[in-house]
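Same chain, two partners: subunit A is paired with subunit B first, then with subunit C.
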Partner chain A sequence: MSAPETKGTGLKWVGRAIRRLEDPALVRGQGHFTADLSATHWVRFVRSADAAGKIVNIGKPGGKMVITAADLTGVKKITPMLHKFSYRPIGQPILADGVVRFVGEAVAAVVAPSEEEAEDIADLVEIEIDATAPLTDARDALKTGAPQIHAEAPGNIILEGKVKTPGFDAVWDGAAKTIMLDARSHRQNATPMEARAGHAVYDAASGRVTLNCTTQMPHLMRTAIADVLGMPESDLRVIAPDVGGGFGQKMSLCAEYVVLVWLARKLKSSVAWTEDRRENLIASFHSRDQYITLEAAFDKDAKLLALRADVVSNIGAYSCFPTTSGVEPLMAMAEMPGPYDVQQYQCLARGVITNTCTMAAYRGVSRPVITFTLERLMDKAALAFGIDPVDIRRRNLIDKFPYKSAMGLEYDEATYKETLEMAVKAIDVPAFRARQKAARAKGQYLGIGFATFSERTGYGSPAFAARGMEITPGWETVHLTIDPSGFVEARIGSSPHGQGLRTTLAQIIADEIGVTPDIIKVIHGDTDTSPYGWGTFASRSLVISGGATLIAARKIRAKLIKIASHLLEAAPEDIVLEAGSAKVAGTDRSITIAKMAREAYTQTHKFKGEIEPGMTESGTYDPPGTFSNACHVAIVEVDTETGHVRMEKFLVAEDAGKIINPMIADGQVHGGIAQGIGNALLEEIIYDDNGGILTANLADYMPPTAREIPEIELHHIETPSTQSITKAKGLGEGGCIGAPAAIINAINDALTPFGVGIDEIPATPQRIRAALREVEKAARKTA
Partner chain B sequence: MSEKTDITLTINGNDHAIKVEPRRTLVDAIREDCGQTGTHIGCEHGICGACTVIVDGEPVRSCLMFAVQAAGKKIRTVEGLATDDTLHPMQQAFMDHHGLQCGFCTPGFLMLAVGVLEREPNISDDDLLDVLSSNLCRCTGYQGIIKAVRAAAIEMRGK
Partner chain C sequence: MKPAPFIRHVPKTLDEALKVLAEVAPEDGRILAGGQSLVPIMAFRLAKPAHLVDINEVEGLDRLHSDGKTLSIGARVRHGAFHKNVVDNPLGKLLTFVGHHIAHYPIRMRGTFCGSLAHADPSSEWCLVSATLDATMIAKSARGERTIKATDYFQGIMSTALAEDELLAEVRLPLLAADAKFGFNEFSRRAGDFAMSASLVTYTVKNGKIADAHVGVGGAEPSPRRIAEAETALNGQTPGDAAFRAAAEAAASAIEPLEDHQTTGEYRRDLVRAVVRRALENSQS
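Up next is the complex of A and B:
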């Protein structure tokens, strides 16, 4: 299906797959990315090659500008804060100060007239470190007597979440069967195609610095950098121009940006840094490095009664700002029960400091890991009860709404069972089982895997406050203007970078005020021109910024109707806004919206003081949050000789509430699934025993290519959300939340004849072969 | 290393007389010396293909070629695909089929696909998938890209 034109009248715009307003510039190569800017000075960071140890000496080449921690007097550490869960605040110096804590930590910044010269000089900087044995594995860091990475965090534990429902023990003791799973998710990197970059320029006339950088949160970057540098926030402008993907990696404050702003002020000039891919892989932010032990208690009918989880999350060397390192362990604790009706729950979730790159949000945040764990456990339970994996889900999925989880989260109306049945029907399970049986007879191992899950989206500030966050990035504001020429401009605090928000917000506005999307410009990503807001992350922008847009558009609509009523001398209830005009229903009297807008500025005397001059309205929205849901199905073939997994088919039945633009929504799901396939099969950051990274390029760290992604079939249900005024639920993360679970279950289904269990992601050929080798060895012994 | 050589790069039919160090990569010369920033840099080690341009009819990774090697050759970049107001069928197809989200890898994919289809207009769907697996996209899951390139292939064959 081709996307229709963005022009035309007489149609509702919401719900249509119109082409994106973002695309014409991007397909022409006319986008503005940070690294496109030229600068007088270029920075190269000299990074630690050791994972732990004291800095003994930094040897600087003569006559060159090399900045170290000693130069940054008065610059504060980045010290994110959480007021709950025994959180111990630890500070990250902007450049390593006396000690290094992971390979890749920036120790010095070289400044030179070109990138090449900066790199040449960086090679001459000699960092002498008295290296000590590093801790890279979270379980090792928890051992008694393990070295202390930060004095402020005894036992290397930065936070500890604990929960136990009052009736847990009694229910657990009375269970018919308990099932246990030790799951391991290895470390991953979000790998946006554009690595990080920053460009800071000082303006002598105003004394201000403008920082262009690859961020998902320009306003908060401004607040945070001003705090760290102790400068007035008004002296800093932060711009997120076109940003080449983020996926959470570009949410957190980068120490590198602080250095750039500091240098621009010091040199009173322009300073730029463009990260290389190696830096991005070793020193930006990592995620998903977790051990989860999950146990479940069932009654005799395989009804889930209680869940007990132990989450050990490797948070790396420092805590990320603004979410803190609680982002993974606390998300795991809050949402472990997923889409199942289970009222007894116990969890211990710890964040553990190690000598590795700092952990931060990555699309899905913990939910790809907990969904893989819970869904794998449900399949193990199905096997233990001798029932079908689909059947155990039928018996346990939530089907009464609103539903309050054991953790107190309120689930709004969703379709957990309906999407499961939709997927089961579409994939034709009996036909697959027949094909699987025939293939097995020929030594081919096909498997099918299901994953059902909920995706919490669009949550406002109370949800962040519940985590004890010092910063609760919940609400969004939109300023909507019709200018005197009749064109429409929405200035938003969100900061989209690929999500197509310029288009979807334009669709919402167009329907509300009766114009076409092509005359609407959505302006974002510049702290000088957009209202304070939190940016784009956590599947929130369409729900929250979309909601704020609708509120602002309704106000503009009301004002237009009032003006039309004055100018057309008709009752407000008789005015209809459509096709760029206000019309009096049932007559041929009308006036264009452009003319009304012009008069709102230039002919205000006509309104006798009853209508405020101008045509700008604001909307702010801070919703409680909602839940999207989906069922994912993977069909795979496992080559038992090589351990290679071939993805044959992927099918999704999902419900994200009202869909504003089906083309964009499908694109989000497709992209998420591809990342989920990478998570499940290919992508792993590997540390060696010395804390060095073995996967520092894209040949070793492998995001999937077009060859690894099978045909993806999507099915939709639209259950309008009651917790979102646009009725949309948001779906940015669902694709990557469900895919690893479905794929791991499919691999295990394929390997059923061998009796092996794969409980680790990514399920690389090495891991699959290692599991099969054990079985083969045992078989040889018996023989 | 730092001694500079005079070369002329011909990009989209325009000559750019520039001075470059021998070690300067083609992509750096295109972006920084010739100011054509539509070509992007994703990895600088030849894996992601964001920097793909067409040199004498062949799609190449411009991060793996030195600028001096491209002197005197015909270089085509994303800026040269459209003619005035008319988009190249490949650009139009990427818009029609949602072949891009953040748009960072897009110029590389466009040049890869155009370069291959000009050389091999009747390429099979399966071979095309092999070609497209040369470049990385992190946003789209490739579904829109594959659809777009197949649609553009039909369009280009019709011309």
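Up next is the complex of A and C:
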């Protein structure tokens, strides 16, 4: 245990940067990952090389086990459901059944004694497809007469969200100025360090199957797989062991895992699959493929009056479970107005089916895209009004709370203006402008970009219910136990996979019941040993599971005080819990928590029936949601000859409420910014005209390396949340929500002398040079 | 991402290696040296050689020496060997400078100079060095030995003059003049990535004018090569911005650019213009 003692210091555990309890095992290579498990049978999926067409024939090599859709009798399709927004349910067969809809769709599963042999056999499977021209671009898929990808979804539209505030037209017509932006976000892959992996083993004695897999929501996987296979949920145990990052990609049901469970039951044996990076890039889940046209109406003082958005979200070939493909377009629609005070809003948000890999959540879910769009538009507006980008934000940021958005969302107290001012001061804008001017004179183009944003976090079931989800996530439960040895176990429904929740929940518990974090074990990720819960995603776990933990810990605390009051013969209000003991204030009488816990099991007769035996309490929490906020600032240098963007500095002023562990909080922001830099500059899944993926390895699909990440400076404000009982807000996604916007604005600021606009992410050197080349050509013409 | 089945041969002598190679070459037998390109390609099953002739234990192939006129680099000499200055000549510094741009440290510890030339990726730094400096390749097979000039050796994307039974046993680089200047610049989107364009230049200054200019461009065409038009633009000129810009412009015009889905020919010319000028600017410092 690396954490220092608090005894006698009066310090609390919450708020301290103690080292993560998870790390000693992980850094020593002692973690347990799905791919570490051995199996009797290994699976290789044979995937479609065509993006669209009918399956004419599947040629199987003789004497080998090759499973196709025809074998999966009685297995249902994955058919997620929304009950709003004209959602049309479309089904995804577990293996392609008669038609293929994207390159990478699993058509057959080869089973062999080793991964190598499975791959050898897969090479011999011949899939004959009568290929047709694919639709990979959402705007093409919307065109009249475009081929229909699913019969159930006419026009290739899976859902359509519409909103218009009553006074919109009058306000719009009376505006002094309108600004328009056509923004494009290209497709990305979350690229967790560990790709997907699954291992299913059948137990003959119980008839149960245990599935280890890389998931963010083990309980939901169990529910979903049992539904699809038509089996009792109690016959399936799902374990998420150590999981090497998820970022949303691992919160949807993978058809591959269904195949593994089906095979384990059929073969009465163990079956494993480890996805390779190429499969992950072509056939796991994608995201962020959107077109957004955003228009804003301002009064003569650059005060934002109304926003009008048209969101076209490419959802791929199928709808993801449990969120459905509404996850991106509906998030965009709900949160487009961001941190600005604007009461008139109109939006059309459509999810469009294409012959591409299925879209699912990725850290930030649409907000990196809408924030980039809105913040870029604000900078364009500032230029049009001839005012500073900081100034236009000052005039429009929300500063009265609670604030009700045009979409009816209630924003709790936040610090939009304060974080902006803090960032402006820390970065020293006047000094930068002087440096920028001097550099320009030498042909060097520096730019500064600001992004202010709100991040809705820790939202419970009411927020999800607003989307009309058949599967409505939200609450979390924690079972907290002091065992008879005096050690503490928290069994949680959340499923952390890198967030440090074992540490932060232990900090919360430690303060409440007066023990040290090192004797607290947080148990998660196993449907047999942890309570039903929704897993870890959407910047929710510390708020919701942390809240449930606090509720359970308060109950344990109350019970300990009651027991202490019995055993020490003192009034409950005189009992103090600290440093592993209960004490009677102002006396030397005390009893250890360990002894009280033991007696709660073994000496229950002492309590005369007034105290329940044992030492386990439960807490459940389902909060409304709370808004974190931040201001991001990027300083870049654009090489106008090559189009290369060098990140010079990144600065964040953020407010995520009460910080439980500052080191973990900073790590979340750092990691998010690194992903945001990838989103802004480097990462792009590219389809060719035939629907094939040109970026199927990490040389062509380019997450940033350490060399592309600049110095990051963080500043914090802690506004305790009134909507979260720990007073903490979520901050898992903020880093990647703000970074693309700040970087794009910085690039455009650098390029101001050329009068070009970059409205596309990633802003690749090719795109930047193409824009500059146009200007150069025009200049040559006039010369 | 598991390679297709193959048989690995581990010869101890050059003769043995060439004999095995002659036997297995018709069945797509390949040389395995550092494996930093071949092994990933095999993992993707883009190559499925039935045999690998692993030369990592072959005596003598790790030789790296200079006879005062040329530097000879044996087939087992790894990129990392050039982290230190290997010869008392501007060539030594050039190799150290360029070598640090190759991929990442672990790759440099394993990959080999000759392997890089045998693989002949258009963006390879060592291929650019060999083309720019007019290297001589020594190819050996059970049939005998032959030398191949750089201009004949490179035959397109991952394509060389080596026959299937030939081992690139050695590359000979001519030493530079004692007062030679060199400059190098490459462009890639991330540190350590394959260069999207690269340039190496060498020249001497006689009576204040550039002489014997070599301007090599890599990553922009199917093979790296010297760009005569750029060299002409330099020779006889005073070193400086005007000459460097003229040479860069000449190189950008002269190339037949590689194009792909993201990178247009125009963009590739932009990059060549930038890397040639920057290589020349570096040569000043």
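Assume the second predicted complex is superposed on the first by the 773 of 783 C-alpha atoms of A that agree within 3 Å, B and C clash if a C-alpha of one lies under 4 Å from a C-alpha of the other, contacts with A are read in each partner's own complex, and residues count from 1 in each chain.
The rule is simple: a residue touches a chain if its C-beta (ideal position, glycine included) is under 8 Å from a C-beta of that chain, and two chains touch if they have at least 3 such contacts.
Because the structure is a prediction, the values reported are computed rather than measured.
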Subunit B versus subunit C as contact partner of A:E116, first or second or both or neither: both
Residue contacts with subunit A in the superposition, subunit B compared against subunit C: B
First, second, both or neither for A:F607, with subunit B first and subunit C second: neither
Partner chain in contact with A:D242 - subunit B first, subunit C second, else both or neither: first
Which of subunit B and subunit C A:T705 touches, first, second, both or neither: both
Partner chain in contact with A:N697 - subunit B first, subunit C second, else both or neither: both
Subunit B versus subunit C as contact partner of A:D276, first or second or both or neither: both
Touched partner set for A:Q30, first subunit B, second subunit C, both or neither: first
Which of subunit B and subunit C A:M663 touches, first, second, both or neither: first
Partner chain in contact with A:T764 - subunit B first, subunit C second, else both or neither: second
Contact residues common to both interfaces of subunit A (with subunit B and with subunit C): 116, 120, 276-277, 697, 699, 705, 707-708
Of subunit B, residues touching subunit A in the complex: 1, 21, 23-24, 31-32, 36-45, 47-48, 50, 77-79, 81-82, 87, 91, 94-98, 100-107, 110, 129-130, 132-146
Residues on subunit A engaged by subunit C in the complex (per definition of touch): 115-116, 119-120, 123, 276-278, 639, 641-644, 682, 686, 688, 694, 697, 699, 702, 704-705, 707-708, 764-766, 769-770, 773
List of subunit C residues in touch with subunit A within their complex: 1-5, 44-45, 187, 189-194, 260-264, 266-267, 270-271, 273-274
Parts of subunit A lying in touch with subunit B, wherever the complex brings them together: 2-3, 19-20, 22-24, 26-31, 33, 35-36, 38, 116, 120, 191-195, 242-245, 247, 274, 276-277, 497-500, 663-664, 666-667, 670-675, 697-699, 703, 705-709, 712, 735
